[in-house]
Amino acid sequence: MRVGVADTTFARVNMGAIAIDELKRHASVSVERYTVPGVKDLPVACKKLIEERRCDIVMALGMPGGKDKDKMCAHEASQGLIHAQLLTNHHIIEVFVHEDEAENDAELAWLAEQRTREHAVSAIRLILAPKELERDAGTGQRQGFADAGPARR
Amino acid sequence: MRVGVADTTFARVNMGAIAIDELKRHASVSVERYTVPGVKDLPVACKKLIEERRCDIVMALGMPGGKDKDKMCAHEASQGLIHAQLLTNHHIIEVFVHEDEAENDAELAWLAEQRTREHAVSAIRLILAPKELERDAGTGQRQGFADAGPARR
Amino acid sequence: MRVGVADTTFARVNMGAIAIDELKRHASVSVERYTVPGVKDLPVACKKLIEERRCDIVMALGMPGGKDKDKMCAHEASQGLIHAQLLTNHHIIEVFVHEDEAENDAELAWLAEQRTREHAVSAIRLILAPKELERDAGTGQRQGFADAGPARR
Amino acid sequence: MRVGVADTTFARVNMGAIAIDELKRHASVSVERYTVPGVKDLPVACKKLIEERRCDIVMALGMPGGKDKDKMCAHEASQGLIHAQLLTNHHIIEVFVHEDEAENDAELAWLAEQRTREHAVSAIRLILAPKELERDAGTGQRQGFADAGPARR
Amino acid sequence: MRVGVADTTFARVNMGAIAIDELKRHASVSVERYTVPGVKDLPVACKKLIEERRCDIVMALGMPGGKDKDKMCAHEASQGLIHAQLLTNHHIIEVFVHEDEAENDAELAWLAEQRTREHAVSAIRLILAPKELERDAGTGQRQGFADAGPARR
């Protein structure tokens, strides 16, 4: 299994290194890393990881700022990531941490690490253990903060 | 007839299981299930269900959260689902229940189940009984809450 | 000339039947009808009418609700309809009547009928009488309510 | 050089006729005109002008209304025009005049004419005199109202 | 290495000339320049630079105005640039300076120059020195204003 890890120099946490660390803990995967300036550079980077460096799945890691303009960049990047998936028939797991989700730098660093690690596990499951995802269907899973849980208990 | 059922671990109701139950009540269909983490992972999952697992139609089941960021995710996912349909010439029935459509967990669970079941019937009609849909054209059908009915009575 | 008529069970007026009635008054056309649940199902239905049922032009008839969520659905559907046109090099005439354009059910029914009939004429002109459209260029034509007219009189 | 001129019956000024008049003043061009009902019909019309009527460049002329719904239509049309350019590798010059940019009908007519004429010159330059555009790079050119000029003088 | 530089006559700073100056300082590159009227003309220009003039990477330089309508144009252009990248598997570095990011013309000119120069370096690194970008992953790099720096110090 070959996993692509695309991240940015714009992010304030080394999400790429965290993703690689977590991936290696769970499976014997080879990793292709691709660092770009910002989130809007991620879609084509992910597509190249799939088509030119033959990854089975890619994690797209980014940390959009808190201003309106940054929200728009994140939206444009997300649409591009979905488009790239449709053009390649491969999953790209978007892991975006918005700077304004955290109250301070320490919480931001914690959140970025936690969400990246949990999504790394999802990436592995999508390729190697889809039945585990099916078992968790509809259970209100969240990445980073606490799970919401099922509506009926 | 082969129906794809794509759902998420993010949802707080097991919409995939409900869809499968309803589909089996109405027709002798084979079902392909595909569970992904969240709604933004649905477009490529649905496209793969059509192209790699040869489904005739797919149900895309999701439960976006109530925050602005969640609304944007749902919007991006919806656009991806429409794009996937245009690339494959197959219908993908979007069944999204927004967490803020319900006042509490019990209503949320009820709404998710009701809407999923009604859309499952639509999916079957689209493939097996298009004349039944034509008969209901312009009659103000709704999925989940009460029908709006025709403007002229 | 073969015209596709795609409409929905969500609409509260039988726009499809009205369109067919008007089309038949103006030209000897054969009609292919395709009824789907809602406006987001229209793009792929229209593309299938063009590619699989060989229509020369398609009318996409819908009646989005008045809530924010409904506006977003209409926006997503509109983008899909434009995309479907670009992929097929065929016109798809969008006829959307927003529920909140009318003050009551009677006006809604009147508006839906009027707009559908006027757009049916446009569809025929696009295929059979493009010079008539050119003659009306820049004259402030509106479908449904009164024309705005030219800015210079 | 063959120029496509796509315009609408919705516009309240005959922008197509103005564009053709201006184009003929500057170069020996042949013109293909295509009038459609509204701005959302322009993307496919422009694509057909390029692919079926072999235009080297197209002007897309429209006059969106001032309401929110009209703004959304213009946005959807703009995205379609960009998409059509990417699918054909040809320029489509968008010339949209929003009804609320002018205070009255006389100003609207003036603005539509002025902007159309200035964009017609841009269209010719893009094909026949790209060096003239390069000479004006970064000089704050505007079409219609007065130029903004360079930030450093 | 061949770099495309696409810029606009709408911008109020000659961003294209600045980009070329900076590129030449860092590497022996050949440059293809393409000046268009505004930001919405950039996506197809960039695609043509890649496909017809064989650039390895392109810089898309623009200066959107401060009004809502200008923000929308920038959004549409950004989506087109991402789409162009996905269709070509080549990076297009978007360098947009919004007129309202600066308080006066002098600051605007400074910001446009600074951001363009820093992005020119990124473009070269993406092609010639990807390991340098990876070394800066997650360090909060910004182009123009001061870097944000890493969240954990």
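To keep things simple, chains are lettered A, B, C, D and E as they appear, and every chain counts its residues starting from 1.
The rule is simple: contacts are C-beta pairs under 8 Å (C-beta built on N, C-alpha and C of every residue); 3 or more make two chains touch, one makes a residue touch a chain.
Fair warning: this is a prediction, and the values are worked out from it, not measured in the lab.
Graph distance from chain B to chain C, where chains that touch are one step apart, equals 1.
Rounded to a multiple of 5, the Cα-based rotation taking chain B onto chain E is 145 degrees.
Mean C-alpha position of chain A lies 25 Å from that of chain B. Between the CA-based centres of chain B and chain D the separation comes to 40 Å, rounded to the whole angstrom.
In chain D, 79, 83 are the positions where the chain touches two or more neighbouring chains simultaneously. Viewed as a contact network, the protein chains form a single closed ring in which every chain touches exactly two others. Listed in ring order from chain B, with chain C immediately after it, the chains are B, C, D, E, A.
Residues 71, 75, 78-79, 81-83, 85-86, 89-94, 98, 119, 122, 126, 130, 133-134, 136-143, 148-152 of chain E are the ones that touch chain A when the two sit in their complex.
Touching chain E in their complex are the following residues of chain A: 7-17, 33-37, 40-41, 43-45, 47-48, 51-52, 69, 72-73, 76-77, 79-80, 83-84, 87, 105-106, 108-109, 112.
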